[in-house]
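In the two complexes below, subunit A is the common chain; its partner is subunit B in one and subunit C in the other.
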Partner chain A sequence: MFETDFTFNDLLFMLQGAGVTLAITFFAVTGGTLMGLAFGVLRASVRPWMTLPLVFVLDVFRSVPLLIQLILANAFQAIAGFGMSPFVTSCIVLALYTSAYCTEIVRGAIDAVPTVTRRAARSLGLTWGQDMTQIVFPMALRVALPSWIGLTLGVMKDSALVLWLGIFELLKSSQVLITRLQEPMFILLIAGGIYFMLSFPIARLGGHLERGWKEND
Partner chain B sequence: MFNYTFQWRQAFRALPEMLEGALYTMQIAVLSMIIGIAIAVILAVGRNSSSRWLRAPATAWVEVARNTPALFQIYMAHFGLGSFGIYLSPYVALLAGITFNNAGYLCETFRGALRAIPDTQMRAGRSLGMGPAKAFRLIVMPQMFRIAFLPTMNQMVWAILMTSLGVTVGMAIDLTGVTQALNARTFRTFEFFAMAAIIYYLITKAVMLASRLVAWRLFRY
Partner chain C sequence: MIEIENVHKSFGALKVLKGIDLTVDKGEVVSVIGGSGSGKSTLLTCINGLEPIDEGRILVDGTEVHARSTDLNKLRRKIGIVFQQFNAFPHLTVLENVTLAPRKVKGMGRKEAEEIAVRQLEHVGLGDKIKVYPSRLSGGQQQRMAIARALAMSPDYMLFDEVTSALDPQLVGEVLDTLKLLADGGMTMICVTHEMRFAREVSDRVAFFDQGVMAEIGPPEQIFGEAKNEATRKFLSSVR
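For the complex of A and B:
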């Protein structure tokens, strides 16, 4: 096990895969967060029954395995003749998946802002928009950020599933190397190490923020 | 745009086969939860212990389980162990991967629950003459399970969703595996996987509903 055919180029190949993982995560989380913000503000602002259709649709994204969502979306875009690349399809599916969780985070964070605070802001003559951006947003951010970091890391880990659509992200690159070099344990340990190094520091930061901010509340 | 005729009848005809697959999905999820809970309790005790030799491996398990993809963990069980000459079948590899993952997440859930139980509970048990193990088992653990019940059921839903990953290591008998086999035979990808998605949705909803009912029945007062 200590003699290996693993070369520097193979490591570069895997890091390239890690780059694809990060790119998908970036697009998915950016898109998902924007949608989640819009949906979350909507859910917190109007009466609950008005958003029931939206809640149902978002709930589907959380109740169906991501792998099946990816396969369905890929099949659908082929049927509909969109001609999207697997990369674009994966980003869209993961963005919707992210938005389903992000909506709940945003709504919970907005609900955590005391109603009296918002009434006070409106009484001082702030418009709804000013109240949202200058009062609610800073207060809600403290509540939402730790969960949002957790969500981002979750999406990064879940993005490994896009290998089923033939995208060469980190895990798929490792699989290719395993087939060629026949050293599964060694290569998977490297892949796991890369995932761990991407995820662990940020997870620690999230936990740190959560603890630190709680004390000041 | 739609240059395609949907063939739903084929998917409906395959329904019994897929439901049989769903039973295997449930079987793996339930088994992985039972074993996962048992390991998670041990890990939670280990992480809270004062001995470094117990704390380090438990912490390592939890951090690896939480900071790497579930699919990676399944790959590790299926391909990785091959380096040592251990070849797990897709079923065992999937079960091992999900159990590893469940144990890591549940450990943190249980630790959170343990923090919510006052120390006085343990001390009262000890004062009544129970040993530490007995007091933990009879006094602390039941309360821990009650506090952690709903998060645990959430993890159960995650476990059900994670079983779909088995198809990537060649699992052919669970719901996703059966669907993929049908798909390979007929190339009606959308119809079959839409059917599978509906079954998964109904299963997860049923589990959530059942857990809410049980929680309401057991914990109301």
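For the complex of A and C:
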């Protein structure tokens, strides 16, 4: 039968890593979404040429592999003497990376709200801000949510790359155990299971919200 | 009173309005007819400041719509507009669609806004639909909801932009009946329309637009009976 040296304490060790993964994902997605919202609204509201510098910077974050961004950012902050911990550096890089994708999700979703609907809102005397909060955001949210959930799940998995900065997140913890116990298949199976358990509720939450909206359509 | 003085408007190289002069008095119903691309709809969007104009001026109760100092959001409370496409806010119920502007723009309390909304919805025959979402309504019902939504702001003027054009033929009647009811109630209205019978029966004056110019204006009997302008006669014989 199946025998293993894997103990309960090892599982706790992995769950601690999962906590770090969750924390990095939380800060990256929260920061990235807030920045993405601001940049996306800006992109959808002003003439395209006005946001060209912003688009260029965001394109850099979307085009350069995340691993290279992490390592360069970590080296740069050390040289510049910012004294940031790898955890903070990782959160900032991942947040910028998330914001680059989120900006386009938000811009696309705002553009999907028909111009005539917005005209109707403005014709009733609603201000630009009221039009945004009462009409555009609620309608755009329905368009943006599936892509945003996908982005969040993607960032959670991409966050594994921060192990290269020496952070003990889920994958790094698994690596340590694999080196010690020499049971890669079994430990990776557990790690995969934990990733799934972290992702599943987020994916289900999206599905749940969408079903609620569908009832009105 | 709405005063339109020598209004010019272009979209790029395309001149849509070429010097429109028109005065609409309180309580008057003016129908605007004409072929597509004649500038009828553009004029309506200029009146409530959704579109800037190139030349001339538009005054609503003495306030110049396109003056820099004009608070457009405030001015728009006076001017309701209903568009050709049904512009329901799909994420709000019928009642919420109608109470949104009174609550957010006028700062009315929920209860007061709902009382007004229910009254307006009953007025347009949607009293039994207040809890449903717009997607459950027919095109005609959505259009009547849009009318109730505009009326809930108690506007002094109503602009209708081909409100029956996107409707199935059997739904046109119910919307036109709502407009007639409004006209009978003394509302000042400018209706861009393709419904000649409606224009004839309800309007005090009918204006014929041709390629950005108001070619002729007069009482319905004149326009539909003995139009002076050749283009008007040609247009009317083509739509009859």
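Keep this in mind: the second predicted complex is superposed on the first by the 198 of 217 C-alpha atoms of A that agree within 3 Å, B and C clash if a C-alpha of one lies under 4 Å from a C-alpha of the other, contacts with A are read in each partner's own complex, and residues count from 1 in each chain.
What we mean here is this: a residue touches a chain if its C-beta (ideal position, glycine included) is under 8 Å from a C-beta of that chain, and two chains touch if they have at least 3 such contacts.
Quick caveat: nothing in here was measured; it's all calculated off a predicted structure.
Of the two partner chains placed by the overlay, only subunit B lies in contact with A:203; subunit C stays clear of it. In the superposition on chain A, contact of A:192 is made with subunit B only, not with subunit C.
Of the two partners subunit B and subunit C, more residues of subunit A are touched by B. Contacts of A:119 after superposition: subunit C is touched, whereas subunit B is not reached. Of the two partner chains placed around the shared chain by superposition, neither subunit B nor subunit C is touched by A:6.
Of the two partner chains placed around the shared chain by superposition, neither subunit B nor subunit C is touched by A:61.
In the superposition on chain A, contact of A:168 is made with neither subunit B nor subunit C. When the shared chain is aligned, subunit B comes close enough to touch A:81, but subunit C does not.
Applying the stated contact rule after C-alpha superposition, one finds that A:127 touches subunit C and leaves subunit B untouched. Once chain A of one complex is fitted onto chain A of the other, the partner contacts of A:135 are limited to subunit C, with no touch recorded for subunit B. Touched by subunit B in one complex and by subunit C in the other is not one residue of subunit A. Per the touch definition, subunit B reaches subunit A in the complex via residues 1-4, 63-64, 66-72, 75-76, 79-84, 157, 161-165, 167-168, 176, 189-190, 193-194, 196-197, 200-201, 204-205. Listing the residues of subunit A that touch subunit B in their complex gives 1, 60, 63-69, 71-72, 74-76, 79-81, 153, 157-158, 160-161, 163-164, 171, 174-175, 178, 183-186, 188-189, 191-192, 195-196, 199-200, 203.
Residue ranges of subunit C in contact with subunit A, taken from their complex: 45, 48, 50, 73-74, 76-77, 79-81, 83, 85, 87, 89-91, 100-101, 104-105, 133, 135, 146, 149-150, 153. Considering their complex, residues 114, 116-117, 119-127, 130, 134-135, 138-139, 142, 213, 216-217 of subunit A touch subunit C.
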